[in-house]
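Each chain gets a letter, A, B and C, in the order it is written, and its residues are counted from 1.
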Amino acid sequence: MAIALLLALILITLASACLFVVHPWWFPAGVSAQAAAMDHGFKVALWLLGTLFIAGQITLAFFVVRSRRRAKAAYYQGNWRFEAAWTLTIAALFFWFNVSGEKLWSRMMIHHGAPGAVQVEVTGAQFQWYFRYPGADGVFGRTNAQKFAHPEEGNPLGLDPADPAGRDDIVSAALVLPANRDIELILHAQDVIHSLFIPAMRFKQDAVPGMSIHAQIRPVQPGNYEIACAELCGTGHYRMRAAVRVVSEEQFAAWQKARAANE
Amino acid sequence: MPITSEHVELERKPKLGGGGPGKTPHRRGYGGGDDGDPDRFRDFHSRKERLRRLRVGVVLCIVSVGTLFVCLTLAYVFRRQMGPWDPLTKGYVRDWISVRLPYVQLWINTAVLLLSSITLELARRRMTRQVEFAELGIQPIRFGRDFPWLGLTVLLGFGFLAGQLIVWNQFRLQGVFQHANPGSSFFFILTGMHALHLVGGLLALLYAAAGSVVRIRFESQMLAVEATGWYWHFMAGLWMYIFALLYFVR
Amino acid sequence: MRQISPTSPEPRASRFLRRYLFSADHKVIGVQYFFLSLAAALAGAVLSLLMRIHLVWPHMAIPLLGEIKPENYLGFLTVHGTLMVFFVLSTVPQNGFGTYFLPLQLGASEMAFPGLNMVGFWTVLVSFLVLMTALFVPGGASIAGWTQYAPLSAIAAAGPGQGTGTDLWLISIGLFCVGTVLSAINFITTTVRRRAPGMDWMRMPLPCWAWFVTAILSLLAFSILLAALVMLMLDRHAGTNFFVPAGLVVSGRAVEHSGGSPLLWQHLFWFFGHPEVYIAILPAMGITSHLLSVFSRKPVFGYKAMVTATLAIGALGFMVWGHHMFVSGMNPYAGFAFSTLTTAIAVPSAIKVFNWLGTIYGGRIRFSTPMLFSIGFVSLFITGGLTGPLLAQPALDAYLHDTYFVVAHFHLIMAMAGLFAVFAATHFWFPKMFGRMMNERLGALHFWITLAGAYAIFMPMHLLGIAGHPRRYSELTGVQYVAAMAPLQKFITVAVIVTVAGQLVFLVNLFWSMLKGPRAGANPWDCSTLEWTLASPAPVAGFAGRLPVVNRGPYEYSVPGAEVDFLPQDAPATHGS
């Protein structure tokens, strides 16, 4: 039985290691400025934890096998030196790991509002994402969903018709962004909690009703990416998707002009 | 089976080991078994032991109820200070509307509850004395001999609840509970949960009071009153705390 | 309880009811909890099977159910999570085995409040029944998951199952909170006041420490959940505004509430929810420590460190709830504090793993079924536990939150490791509970199937999360990059089907052994703790009339110079040892 356990644990360890090394499914290519740092963070984490995993399973297997031919067990209550050494080692290791994680977090979250960032208001509703741009005047119009929202009439966000700043707002079902510029996302939700998740940009932020949450990203690679909703919001949660189109600066300007002309 | 000694390693420094390998005689008053005398053990069914057990149980009950109200307090304080976040002003929206409390009625209720605490304490002491006298053989227990302090406590308890109902009704008629006022929601849940837990205590007292009529064991009746005593005093203290909270943190 | 004399002419039905159903005997109540959890586990497993099948074969018509719709899937998801977290993992390790064996291991004749014990069980039973009816009411069960985030849970119009289904869920869990708090009061009072003479705190077996700390956690955590549930119920029906903000539009209609905060629900829920997962795992850890020692014939390595680690995990467990909320819109500065505290919890957990390995090292291992499952527990705990520090980093959690990576993490450490400890405890204590031995061959077979299954199901699931597959998706056809992961989901589903089928081996073993298993002696495992000094099955009277006197610690195995390789805790003190 000991040999069987040894083989099983070795098999599990090897199979898991192979799975993570070969990784037939893995992170999508990172296309935002924060992706590189995050991916590096993941790499460090997976290597550290993977090593501990392998060491732990192999040690377990080895200790199990070692007991096979014993006549009598050792009456051994413990060894405080080993205990203390292990505790300090693991504490130091995890503390270092934590500090590097915190540094990454502060870089991601503590930002001081880049001037000139493109502002996009993101609204989640059951089960659709809407993206609003302030238009030529750079000001978002007032919205009051309870009074004015009529998705079937083309006003899903409830733009106040009396507010002139709202007349040039562009409401889009796709998130169109210029590459290599800071984007400021302002997240709202109309009914329940949703979550904007763009795996390719390593971005996730909950959209909470009653709150206006600011987040920043900076796409660096043009292309088409997908948004998935990452907070259970009802029966349509699985199909609450949207497209992200990262285009060049000129294409972005052209798109805005074309949309403004249409409205 | 032969025991070979090749792997004998006696750990004589049980600093981090040692589930206590047989230290007799063990330390006095450690709390566990017999407090120093290995040959005698506690009678788990004695009145004294039953009482101590009940007291531990009541303390735990109080801890649980206390946690509930700590939780509600924190929610209340945080909600009052921090409404929805307004990114334009980079601050929390202060949408709190103070609830105007009907002080007269609330002070009357408070007085009633405090009075009931006093009468319960009187009832408890009398009952304990009766049981002790009976144990010493001085005087047998006679039901219904004493002033019905217990009955009075129950009445006062109901009186407090009636007073709370009056306050809630007043608020309902004024429309305080409707319309977008978080303060009123918290008022209702704080006072409501207190009243609900008070009802629990009342039921225990009713059980004890009914004992005079239904003839359960007097000792059990006394224990019920003992246990409820601490709980009831806690409820009175909790009410004072809630009243103070609703007044000072408006 | 009313005393009946053995010769009283009471009708047989009434005797049966009093002895087996409405008994205040902690042993009967322990068995009752055990079967309740078994029923809940079976129901939860069936629901998970339905969920997995629907996910990869969405148009398959299940017999008796037809085709599963998204709202069914989410209803199953909610009930599956609720059953497993509350009625299995918070019930059987603590209330099931604890109710039966805490008094026995402490040398007590009864729990502190036997009547309260019974009331607690019946409350939990009613709670279970109420939850199950939610599956059958119009609208079905709640679709908001076991976490019931507001406003989804607060607004009945937000989805099917959010009306009656959610109300029933709230009532059910409210009752569960009450029952568990009553139980916790009982456990703590028993441990404090009903230990046998000589049973010092540091002579208690480790499961008793685990049950004690878990009871303290339960007492505090479930009180908070009850507060949150009452507030949600009031929001739904009494027009209060704790969790629902102003300005919402659901299904085209304006919502009347205003002034509430959805984040308040999350704070309250997770302030309960994180201690809850420690409530689920601490008894399992205590039982594993115990079994590793018994079957290695060695004392527990570092008993004092184990106790300290248990207390530390319990205390720290209350300070880390924010790690479920890094991307929730919570103040990002709070993320720093929660992240540090969460990583700190890894240290006592690592101490425990080190000590388990130290207990096995140098032991003379008996590979009985309980030992196999305990070794499996250590393996799964290492695996599931190591992904914890990763998720504790907010920057990394920002990507992995609400993906299948988290699902893999908590299933490995809570469901699989916790369940392994339950299986180990079942095999170990079966002789004491039912007087017979379970079959070792079937036990070993069950172990191998479940171990292989656990890794086959949940190891690849990490990759799904890393690739960005969000959780709680009822279909894979909505988002394109998710649809691309269908082959891996199919593999996982097949593994689930095989593993769940393999649990039949356990059921057969359990029920067959109960009826026809070989009769067990008083101490078939040569264990030193007090419950094994009683006959098997444990007699109704327990220790009554002859309380044991404890003279040594609980893990005196292979003591040098002793004739037998274990010293029972109540054996007379000799040799001045």
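Everything below uses one rule, namely that a contact is a pair of C-beta atoms (placed from the backbone, for glycine too) under 8 Å apart; a residue touches a chain by one contact, two chains touch by 3 or more.
Treat the numbers as computed from the prediction; the structure is a model and nothing was measured.
Undergrad: What chain lies closest to the overall centre, CA atoms only?
TA: So the chain nearest the centre of the shown protein is C.
Undergrad: If you tally contacting C-beta pairs for every chain pair, which pair wins?
TA: Ranked by contacting C-beta pairs, first place goes to A-C.
Undergrad: Starting from the mean Cα coordinates of chain A and chain B, work out the distance between those two points in Å.
TA: 46
Undergrad: Rounded to a whole Å, what is the gap between the Cα centroids of chain A and chain C?
TA: Centre-to-centre distance between chain A and chain C: 30 Å.
Undergrad: Pull out every residue in chain B that's touching 2 or more other chains.
TA: Within chain B, the residues that touch at least two other chains are 5, 7-8, 10, 14-19, 21, 84.
Undergrad: Where in chain A do residues touch two or more other chains at once?
TA: Those would be 70-80, 83, 210-211, 213.
Undergrad: Would you please write down the residue numbers of chain C that are in contact with two or more other chains?
TA: 245-246, 260-261, 299-305, 362, 559-560, in rising order.
Undergrad: Once bound in the complex, which stretches of chain B touch chain C?
TA: Listed in rising order, the residues are 5, 7-8, 10, 14-22, 24, 26-27, 30-34, 38, 40-42, 44, 49, 52-53, 56-57, 60-61, 63-65, 67-68, 71-72, 75, 78-79, 83-84, 95, 177-178, 180-182, 184-185, 188-189, 193.
Undergrad: Can you check the complex and tell me which residues of chain C touch chain A?
TA: Residue positions touching the partner: 70-71, 74, 143-145, 149, 151-152, 155, 158-160, 244-252, 254-255, 260-263, 296-305, 327-329, 332, 335-336, 339-340, 343-344, 346-347, 350-351, 353-355, 357-358, 360-365, 367, 372, 375, 378-379, 382-383, 386-387, 389-390, 392-396, 398-399, 401-403, 444, 448, 451-452, 455, 459-460, 462-464, 466-468, 470, 472-482, 485, 488, 557-560, 565.
Undergrad: Inside the complex, what are the residues of chain C that reach chain B?
TA: 108-110, 112-113, 116, 181, 184-186, 188-189, 192-203, 205, 219-220, 222-224, 226-228, 230-231, 234, 238-242, 245-246, 258-261, 264, 268, 271, 299-305, 362, 547, 549-556, 559-560, 567, 573, 577
Undergrad: Using the touch rule from the top, collect the residues of chain A that touch chain C in their complex.
TA: Spelled out, the residues of chain A in touch with chain C are 1-2, 5, 8-9, 12, 15-16, 19-20, 23-28, 38, 41-42, 45-46, 49, 52-53, 56-57, 59-60, 63-64, 66-68, 70-80, 82-83, 86-87, 90-91, 94-95, 97-98, 101-102, 104-106, 108-110, 125-126, 144-146, 149, 151, 158, 190-193, 195, 197, 199, 202-206, 208-211, 213, 226, 228-241.
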